[in-house]
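Here chain A shows up in two complexes: once beside chain B, once beside chain C.
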Partner chain A sequence: MGSGRAFRGILGIALVSAILCFLLLPALVVTIAAFNARAILSFPPDSLSWRWFAKALAYEDFRAGFRNGLIVSACASTLALLVGAAFAFVLDRYSFRLKRTLEAVLVAPLIIPHFTIGLGFLIVAAGLGATRGFAIVVACHLILILPFVLRSVYISLRNLDRRLELAAASLGASPLRVLMNVTIPLLAPGLVSGWLFAAILSFNEFTASLFVTSQRTQTLPVAMYNYVREYADPSMAALSVMYIVATATLLIIANSFFGLGKVLHVEDVR
Partner chain B sequence: MKARPFFWAFVTPAALCGFGLAVALAALFQFSLRAYVPGSLEPGGFTLENFAALMKPLYARVFAETVWISGVTAICTLLVGYPVAFALVRTKRRVLKSAILIIVVTPLFLGEVVRTYSWIVVLGNNGFINAVLMKVGLIAQPIQMMFTRFGVIAALVHVTLPIMVIMLAAALAHIDRDFERAAESLGAGPVRTFLTITLPLSAPGIVAGLTTAFAWTFSAFATPQLIGGGQVNMLSNLVYQLGFASFNFPFAASLSVAGLALTFGVLAILRVLSRPLEAIGPH
Partner chain C sequence: MDDPPARSEPAADRSFLRLEGVSKRFGDVTALNAVSLDVARGEILTLLGPSGGGKTTMLNLLAGFIEPDTGTIEIDHRIVNNVPPYRRDIGILFQNYALFPHMNVAANVGYGLKLRRLSRSQIRRRLDEVLALVHLTGYEQRKPRQLSGGQQQRVALARALAIAPKVLLLDEPFSALDKGLRASMQTELKDIQRSLGVTTIFVTHDQSEALSLSDRIAVLSEGSIRQIGTPAEIYVHPADRFVAGFVGNVNVLRGRLERLDGQNARVSLGATTLTVSAMRLGALAPGATVELFVRPEQLRLAEAIESTMCQGVVAAQAYQGTHIDFHVKTDAAISGRVLVRQAQVDAMSRWPIGSCVGIALTSKDAIAFPVESRPLT
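And then the complex of A and B:
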């Protein structure tokens, strides 16, 4: 019995380690490839160099894509936060006609294929003569990331202690004052994590962006996709490494501040 | 009627967003019913021809391949994701928990292009796996993994694994451990306890994970495009090719509409099939 349990434990650890290696493998391999001095892939690399990092940082399409991506994700995530938080409040507090319908429409982008949404927005933009601007990209991203903000803020609202609001109201605070001085400060962690999550998702959105961006408004993932299709040198590997390092660092910081497990609701609660 | 402060101010922006999405989908639907005028971006008159053309074996094959790849990917992701989610929730050591969480979540925020590119470096003919196998002497010629279904599915499982683990872990974290303790105290072994208590109680997470993995794979574009390289064609690739290579937007739109109907159809079936499972579950 005892040895059977220990054997199962070791088997479990081996299995989970193997799966985690599968998750890490591409990141490790791409890191090795990024430092390879030659333009052609080879393992192990003949010699090491930083040159592809310099090339990736200097490449104009990547720089423009990065700037465009910041513009789009800043606008889209902020709008999504305002719209999503307001609607989460209404969902939590009020009942009204078409409530479920509106909710279903707004979370539908979670399961509607992104190419469908992208093509739909492209057709609308063509009809309005707006295919070249940022407006259509921001609108499309807003729709795609709204469900995530909505969910994050809604869960925070559910966990909010309503008695604090009632106390403020009974002491004579107007509804606006209660909202500004009690509700929003209490929601702050949910609002910040929802906003951050939305901004990262928007920055990385690719499929719909491929449809709605133009040469002038292409975001970083679209620029990277175009690069991979045309060139095979490791600049893209170098950019991927920078991406992976930046993202992992952000997440480790977020984990120590917020506790990612709580944000994602995967903590063992019992 | 109770006072409802901020009701209109708070509901209007959301209603506008819902309206925007409805307009985009309506435009798509309208386009799918228009005739294609070669050499022109303007569509012609109304017709059902696009939908009739969907019945051609060429397109039927792409639909079947898309559903097959999405289904296999969703199931593989579930099988690979469950042990990780289990370890993530049940491990006692905080450092280990944080490490698993970071390893699982980071790929979620890398986007499809970076991850697909990484897999090209892993799977390519002079990529990592072939280089290692050839150095060790197991193979003399590189194994062809790029442009195959195997390659596409391996990369897609990697793309959908984080969200699957998060959904499974959320369900596992909410299981009342007392049920398991009760089963064990009544003499059930760990395997039996897992199969009769833990697994059914995590059913809501399994359903949510399968649904999301299926929908994400169905919507994937960069992975089948770059790793499939024209040998493995999914619906998204066909839509893009029709739109941006042939400028046949009406037909691209009708494919998208059919894809949308197919997604909803498969998810509805999944929902019906999972109802008996959810009846056991706690939610």
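And then the complex of A and C:
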């Protein structure tokens, strides 16, 4: 009986390890490729090099794409936070006719393919005779990330004990003071995580961005796509590694402030 | 039944808090139906009733969280119907305490004071005062999650009292505490309430809490006040079957109305006849079946041969320290068994389980109600 159990234990560990390896495989392969001095994958370490990182950082399209991406994701996620929080508040606090419809419309972008949204925006922009500037990119991203922000804030609101607000009111706090002293501080983890999640989604968004960006406004994923159509050197891989490191750093910082469990909503907020 | 409580304070303001014809509906549900109530300054009045009886609605109306559909609410002789909660000066102790988790004890207790624009030194002084009152001096820097349940409750009480509220509302404050702590917190709360003389409304569904803490009790059911009175009035002279059944343990025995005699009625029960108040019987004809409501301590066990009012068989005994609860099977009871509270310790060996006993009445305070088709809740 003992050996059977031990065997099953080893089998279980092996299975879990295999699944974890599979999950991390793309990142591993790309990371190794990024450090490769030549265009083939090979150990030993003497062939490692930082040159592709240097090249990626120096490439003007990537630099512009990074700047554009920051502008777009900062604007879109901030706008999404404001709009999403307002709608989340309405959905949590009020009941009205067509509430279900409103909810459905707000989360609809989740089931509409990104290229459809991008194409739609492109047609609208053309129809209006608008130039393909940042406004249209931000507007497009706003729609894509709104459902995520809405959900994040809504869950935080659901977990907020209304009696805390009532207690504050009974102690003399006007509605505005209740909001500033109680509601917003207690919602902060939800608001920040919603904002962060939206910013990352927006920064990484490719499909819709391909439609609505121009040469001047192209974001980093679009720039990377354009690059890979022409060249095939490991600078793409180097860029990917930087992407991963940057995102991980951001999440670690968020974790130290709020706890990753709360940020990702895998843990009950209370 | 509406007599004010026997209190020693001179010239008490008998309608410091006043509800007049207050109704509140939620959709099709009438939560409160034309309720009127006067509460004296410094009094502790309990709203007692089952859930859904309207006590929470009343609390929310007093706090200003909701507005009445009809009627007026007066606090300190001022109509407050449309006054928002933050201008009412009401302290609330919530069931879950509702302490601000992101603030420490000092910030929680000082929150209402800060909003009143008191100076830093005034806040400091008041903070020391109320924390001393609830025996939490030295806990200023703790966060709520670092405190035990009892300590959290004290902080919540200190926070509510810090603003020197006109009215203190207690929303089932003891239900989250374990039994030992509950008793000591009840005593402490009552002491604090008395020493400050703050008018207090206490909401509970626990009748023993209500009996021990209140100056007066208002029994609420289905959105109406069934009876208001001192704990003793409510217990000894319940106004109706609902109150009799809800407050304290009660045995319901089947009796026969022999005759109505002005204020009194003669009711026979087995071999005995007793005189009870005819007040609740209306114009019932002699010979009708009546239900007698009798408290467990108004009954005693006797030898089966005595001319007792009825006989039964001991089904269970429960030693309670100060007394013994006997569950006796008898046909005389509507439910088929009665609860008899016997003081003597030797009663357990004298009337073992399975023995035949007689049941006798020790007081004249049994209450007769006409038989009602509706089941007792």
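We take it that the second predicted complex is superposed on the first by the 240 of 270 C-alpha atoms of A that agree within 3 Å, B and C clash if a C-alpha of one lies under 4 Å from a C-alpha of the other, contacts with A are read in each partner's own complex, and residues count from 1 in each chain.
Everything that follows uses one rule, which is that contacts are C-beta pairs under 8 Å (C-beta built on N, C-alpha and C of every residue); 3 or more make two chains touch, one makes a residue touch a chain.
Remember, it's a predicted structure, so these values are computed and weren't measured experimentally.
Asker: Chain B versus chain C on the shared chain A, clash or fit?
Answerer: fit
Asker: Go through the superposed model and pick first if A:P221 touches only chain B, second if only chain C, both, or neither.
Answerer: The answer is first: A:P221 touches chain B but not chain C.
Asker: So in the superposed three-chain picture, is A:W50 touching just chain B, just chain C, both, or none of them (first/second/both/neither)?
Answerer: neither
Asker: Check whether A:F257 is in contact with chain B, with chain C, with both or with neither, and answer first, second, both or neither.
Answerer: A:F257: touches no partner chain.
Asker: In the overlaid three-chain picture, which partner chain does A:F7 touch, first (chain B) or second (chain C), both, or neither?
Answerer: Neither partner.
Asker: Here's one for you: vertex at chain A, rays to chain B and chain C, all C-alpha centres; what's the angle to the nearest 10 degrees?
Answerer: 100
Asker: With both structures fitted on chain A, tell me whether chain B or chain C touches more of chain A's residues.
Answerer: B
Asker: Is A:Y231 in contact with chain B, with chain C, with both, or with neither (first, second, both, neither)?
Answerer: Neither partner.
Asker: Figure out whether A:Y94 sits in contact with chain B (first) or chain C (second), or with both, or with neither.
Answerer: The answer is first: A:Y94 touches chain B but not chain C.
Asker: Does the superposition put A:I200 against chain B (first), chain C (second), both, or neither?
Answerer: The answer is first: A:I200 touches chain B but not chain C.
Asker: In Å, how small is the closest CA gap from chain B to chain C once the two complexes are overlaid?
Answerer: Least C-alpha distance after superposition: 8 Å.
Asker: Of all the chain A residues, which ones make contact with chain B and with chain C?
Answerer: On chain A, the overlap between the chain B and chain C contacts is residues 175.
Asker: Chain A touches which residues of chain B in the complex?
Answerer: Where chain B meets chain A, its residues are 3-7, 9-11, 13-15, 17-18, 20-25, 27-28, 31, 41, 80, 83-85, 87-90, 97-98, 100-107, 109-122, 124, 126-128, 131-132, 135, 158, 161, 166, 169-170, 172-178, 190, 211-212, 215, 218-222, 226, 235-236, 239-240, 243, 249, 252-253, 256-257, 259-260, 263-264, 267.
Asker: What residues of chain C sit close enough to touch chain A in their complex?
Answerer: 63-65, 84-92, 94, 96, 98, 100-102, 111-112, 115-116, 159-160, 163
Asker: Given the complex with chain B, which residues does chain A contribute to the contact?
Answerer: 5, 8, 12, 15-16, 19-20, 22-27, 29-30, 32-33, 40-44, 82-84, 86-87, 89-90, 93-94, 96, 102, 105-106, 108-117, 119-124, 126-127, 139, 142-143, 146, 175-176, 179, 200-201, 203-207, 210-211, 221, 224-225, 228-229, 236-237, 239-240, 243-244, 247-248, 250-252, 255, 260-261, 264-270
Asker: In their shared complex, at which residues does chain A touch chain C?
Answerer: 161, 163-164, 166-175, 177, 181-182, 185-186
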